[in-house]
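Structure first, then comments.
Per-chain numbering from 1; labels A, B, C and D assigned in written order.
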Amino acid sequence: MSNKPQKTESNKGKAAKAQASSKTASNKGKSAQPRLHPTAQEPNFISEGMQRQVSAVSPEKKTKKQSAEDFREFIRSGRLELLIGCVLVAAILLLSLGSILYTPYDINFMDITSRMAPPSAHHLFGTDNMGRDIFSRAVTGGRFTLLVAVLTVLSSTLIGCVLGLFSGYAGGIIDEVIMRVIDAVSSFPGILIALIIVTVLDLGRFTIIIALCIMFVPSFTRIVRTGTLQYKDAVFVRSSKVFGASDLRLLLMHVFPNIFPLLLSSVIIGLSNAILAESGMSYLGLGIQPPTPSWGRMLYEAQSIIFKAPWYAIAPGLMIVFTIVGFNCIGEGIRKKYL
Amino acid sequence: MKYISRKILILIITILFITLLTFLAFHVLPGDPAQLILGTEASPEKVEALREQLGTNQPLLRQYTSWISGFARGDFGTSLKYQKPVAELIAGRLPVTLLLGTMVIVLTLAVGIPLGVFAARKQGTWIEQGVSLLTMLGVSVPGFFLSILFMWIFGLVLHFFAPGRFISWESDPAGCLRFMIWPALAIAVPQTATLVKYIRTSMIDELRSDYVRTARGNGTPENTVMYRHALRNAIVSVVPLIGMMIGEIFSGSIIVEQVFAIPGIGRLLVSSVTSRDFPLTQTLVVYCALIIVITNFLVDIVIQLIDPRIRLTE
Amino acid sequence: MSEQNSSAAAQDDIVRIEHVSNSYYENQLGIFGKRKKNQVLRDVSLTIHRDEFFGLVGESGCGKSTLANCILGMVPFEGTIEVAGMSYGKANRKEFTRHVQAVFQDPLSALDPRRRIGEILREPLDIHGIGTKEEREAKVKEMLETVGLDASYATRFPRELSGGQRQRVCIGASLMLEPELVIADEAISALDVSVGAQILNLFRKIHDEKDFAMLFISHNLNVVYYLCDRIAVLYYGEIMEQGGAKEIYDNPAHPYTRILQAAIPDLKPGKEKKEMAFVEAKNARPWVEGACPFYRRCPRALDECKKAPPLTNIAKEGEPEHLVRCWRHS
Amino acid sequence: MAEPLLSVRRLSIGIRSNKKTYTAVDKVSFDVYPGEILGIVGESGCGKSITAMSLMGLLGSGVSVTGGNAFFEGRDLLSIKGKERLHMNGNRISMIYQEPMTSLNPLMKIGRQIGEPLRLHTDLPEKEIRARAREMLDRVGMRDGDKIFKSYPHQLSGGMRQRVMIAMAAIANPALLIADEPTTALDVTTQAEILELLRKMNRDHGTSIIFISHDLGVVGRICSRVLVMYAGRLVESGPSAAILGDPEHPYTEGLIASIPEVEDRGEDLPSIPGRVPSVTEEHAACPFAPRCGKATALCSKIPASMRNVGPDHFVWCHNVHGGSR
């Protein structure tokens, strides 16, 4: 660190000041002391992982209070949720995607001889009233439900981001108008919108996705808008505006990266809500249309024979619950880790 | 006062907007509703007759104005499927859904708030972790799966109630309640779980705030800190979310009424959709949206009453 | 900034601010509500010479940060503001930023938590497309050295730096485009005393190496007296007193400046300052439209004060101007 | 010297983060005498606020007292719990905080909040409590007290809210008031008024005050005695005139020297190099050693003992010649 020659300055200074500086001056005279020590020599700011434990502390015996505090920190870290979530989702994905390559039985193969057979070695989850293997159908059904959920969430997040970023950043009338529309749309209960769309458009595979997408756009718009409002006036956004950055650059380079962690956790939690909504719609017969299997539809069929073959309902039901718990855990874990 | 009148103005605009949105959804987007209902093979005359009855052959604006004025007068047109005035159909089923809705709300608030406060109080211990695990599960169970489980376990196995046989309030109030408690629970479980999560988080935030520290500095006992200071502020920040949950409860009831075969608005809506009964569906959609919008409006007023920061001084 | 340097420098003004007023509309009830007009700046005029440290001092709410925002073109205003002969316009917005840069108060939120220090420093160059990638890296390294940070900090994230180090990065970033004017809005208010002193020394050291004028905004009169060549005291959006820092310290003319000076706790317990305080809040005079803004709480108010006093120069011939807005001095 | 009102002996506070405990305050001892205003000065992170919080039992989760005691009116403030603590807080010892904007309950009227200590510690009838609360508003110099009595915190300015805090803290007439940087968030002129108010309270009711601040000037103006803290340790203590006029510890000198004054115009400020070590960094025996111009090998090995360098003026430093206590 080259020390540029100090400019000479007059040696006047008050009594306290002179006394103070002569005391702090090392060997050379007052003016020669380098005023601005290069901070490189200072003990640099040790990041979290590297600090050393202070010697003055009593030997490491964990008192009750300390272990309680460690436990609280463990909860706050969210690692537990992330772990559970990943395990569950990995299992479900493995089964569902695996079903493309192999399912123990063809999903429409009807083994009339063993109708409504309880779960056994041959039929892991038993068979339904038409003798079809519940496990194969549940696993294949999972694939379609997940597909619909992922597509829904992706599309609604995209629209939500654009609307949220724009209305949050623009503010004023634009913001007021967009938010009034969003409020109106969200005043329709989710299922209601899906019902309207389904009645109006014919029941193709994509109608359910469009319906669910409209259902989820308001919530994602609100999340992105709140994030934008929070960061729009942040000092670092104002300082890069002073650098001459255009509004677009501010939004994409500064505002969005800071909203992303929160958005990611809401997207994942959104996935579980999408699965909930889709299976609800399929239950009503308005979602994925037979013959393609879906968890909701299987539950509808299982309802009539619940007494004789309860496993027909429990299998898809538990699959839904595990998937949703998995996604919610991951979402919660991310939220805790980043916020 | 100005604040409330402004809010009413926005409410009316939102209602008009909803009716417009619904009208557009039903009349403009698809091809020809009559064609859709009768299917492709129907003879042109029949389609024309139906179009006449539906009034879809008149210019759009007139259709809309006649529909709105009818709506205001309470004449919602006649249902195609039941050949009965829509108003009559709704009048019969609205009380059932409202009863179910109120039961759900009472259950959710009665269980949710104390549990949320309890979890916040036991912060950082196993109990809190247990509660959050429970709420995680509660949020993840779909309403209709829960209903089917309830029907199977409490209905068929334990015979607490007879699944599928709805007992109306007039005939036997006690029996009706005994029957309705199960669908109400099926809707309430996910909602309670969400409420517990909201209350717990906002309670923990309030307990970490400066004014709670001031209260403790004044020597306020922990209970008073918890209920007189932290809880009141937590409720104020949670009330808007409760408003949003009303919408969720309503959509939950649409499916659960289907499972328990409860003759409510939800079930009527589903059957009208599947049978493409246009006038009935259209009115029901607007009706449901109105209920949600009005409840949100009431929630806004409640917020304005209990939170002085929002109440505008003269 | 030793005395003889400023007078020798060419006297051309780098910043000319003339009759700047600004107000914002507080609409209480959303789009339908009535709009209450709040006047912030009232006909402010001042000039900053090339290479000069100009201090703007006043309490919170007096409009000093608003003036900074007006200069940066972030807030609409009436009147004209010219920096290096250029006035802010939508067309030359990007060009304008090459002449004016700013350092803000809170080092914690002034740096994007998701970006490394090197990227933050390089951003101005990226935006204006200055130099090749290698040249930009070299400039970043050189700027880190200038502000007294080791080159290795370029790969660090803001959260790994202390308050003082972060403020050094902000100062570095504001100088990347070599602007003619740097606005420091309460740059050391959020820092500890010892760290603040380091930053003040940094300002002086950089000012020797590069030539730029600085508008130093602060609520602390002592810091402004120490650092700045000329100062202006702002109260309720109007300039009460303006002139050389030394002259104003030696004989503060406006009552408000004297109150500010007396209110600052001084280190020497012995030295009793002329006690001077506001009129008690209880018996402040009622608000008179068009009066001197300080009329309500001025301990030496006269009847004429009900009319707005002119800004008069009380300096003797040949001495640098010393403007005061008070009837006692016109 | 009369019997001290509060005597703190070897107070140590530890902060727990990811499975390790760090020492935030290391064996601090000081006394507070009745009717005295004691200043505690230090830069951010030196442990002055945590020290105050530990006396009131307001330490957050993860922060706990790891040693020492604080005798006040026959009890140890660091170990009393439950009923005893509730009786003490707000009644015998009370506190005002740095952020007036958030320290009042947003949903409660001002009048009601000021009366809280009386409601908790006395069985006066509600009417009497309201009257006393209303009277307190006048004593803290509030204009149109009736209007403020009925208004909510968000309707008041920062200065007014701080006055409300003082009214609340003083209404039960405590023996000791702890002020944690009460004027840092306020304007210079409002700050002067609040300091005057605290001085008047100390004069009229003999309430001893512990005044915590990072601003040496403010402390010098209002406090009779001053403690200087650095990285969790006491480095110097003594009458404010001695500390400000003739500082002995290198850190105190450096702190005073780095305050900009008109006399320093045209020269660089003699600033202390480097930065305050964070709690998680390992401390040398004397934490200031790495930044101290006069540090010797001794300083980083053996903690400095207390040296008496003048009437009631003590310094913890090896390089200061004075009678060791």
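In this text, contacts are C-beta pairs under 8 Å (C-beta built on N, C-alpha and C of every residue); 3 or more make two chains touch, one makes a residue touch a chain.
All values reported here derive from a predicted model rather than from experimental measurement.
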- Please give the intersection of the contact partners of subunit A with those of subunit D. B, C
- Task: Name the chain pair with more contacting C-beta pairs, choosing from A-C and B-D.
- Result: A-C
- Query: Centre-to-centre on C-alpha atoms, which chain is most distant from subunit C?
  - Reply: B
- Item | Chain whose averaged C-alpha position falls nearest the assembly-wide average | A
- Item | CA centroid of subunit B to CA centroid of subunit C, Å | 55
- Item | Centre-to-centre distance between subunit C and subunit A (centres being mean Cα positions), rounded to whole Å | 43
- Chain centre separation in whole Å, for subunit D relative to subunit B (CA means): 53
- Query: So, what's the distance in Å between the C-alpha centres of subunit B and subunit A?
  - Reply: 26
- Message: For subunit B, give me the residues that contact two or more of the other chains.
- Response: 124
- Hunt down the residues of subunit C that sit against at least two other chains at once, touch-wise. 2, 30, 162, 165, 198, 201, 205, 267-268
- Contacts with two or more other chains, residues of subunit D listed in rising order: 61, 244-245, 254, 256, 261, 264, 266, 268-271, 273, 275, 278
- Quick one: which bits of subunit C touch subunit D in the complex? Just the residue numbers, please. 1-3, 59-60, 162, 164-165, 192-198, 200-201, 204-205, 219-223, 225-227, 245-246, 249, 259-260, 262-270, 277-278, 280-282
- Message: Can you tell me which positions in subunit D touch subunit B when the two form their complex?
- Response: 56-58, 60-61, 85-91, 94-95, 97, 99, 102-107, 116-117, 120-121, 152, 154-155, 165, 168
- Any idea which subunit B residues touch subunit D in the complex? 124, 208-211, 213-221, 229, 232-233, 236, 306-309, 313
- Query: Which of the residues in subunit A come into contact with subunit C in the complex?
  - Reply: 1, 4, 7, 9, 16, 35-36, 38-40, 44-45, 47, 173, 176, 234-236, 238-246, 249, 254, 257-258
- In the complex, subunit C touches subunit A at residues 2, 30-31, 72, 74, 93-94, 96-98, 100-102, 104-106, 109-114, 123-124, 127-128, 145, 148-150, 160-162, 165, 168, 170, 173-174, 177, 198, 201-202, 205, 208-209, 267-268
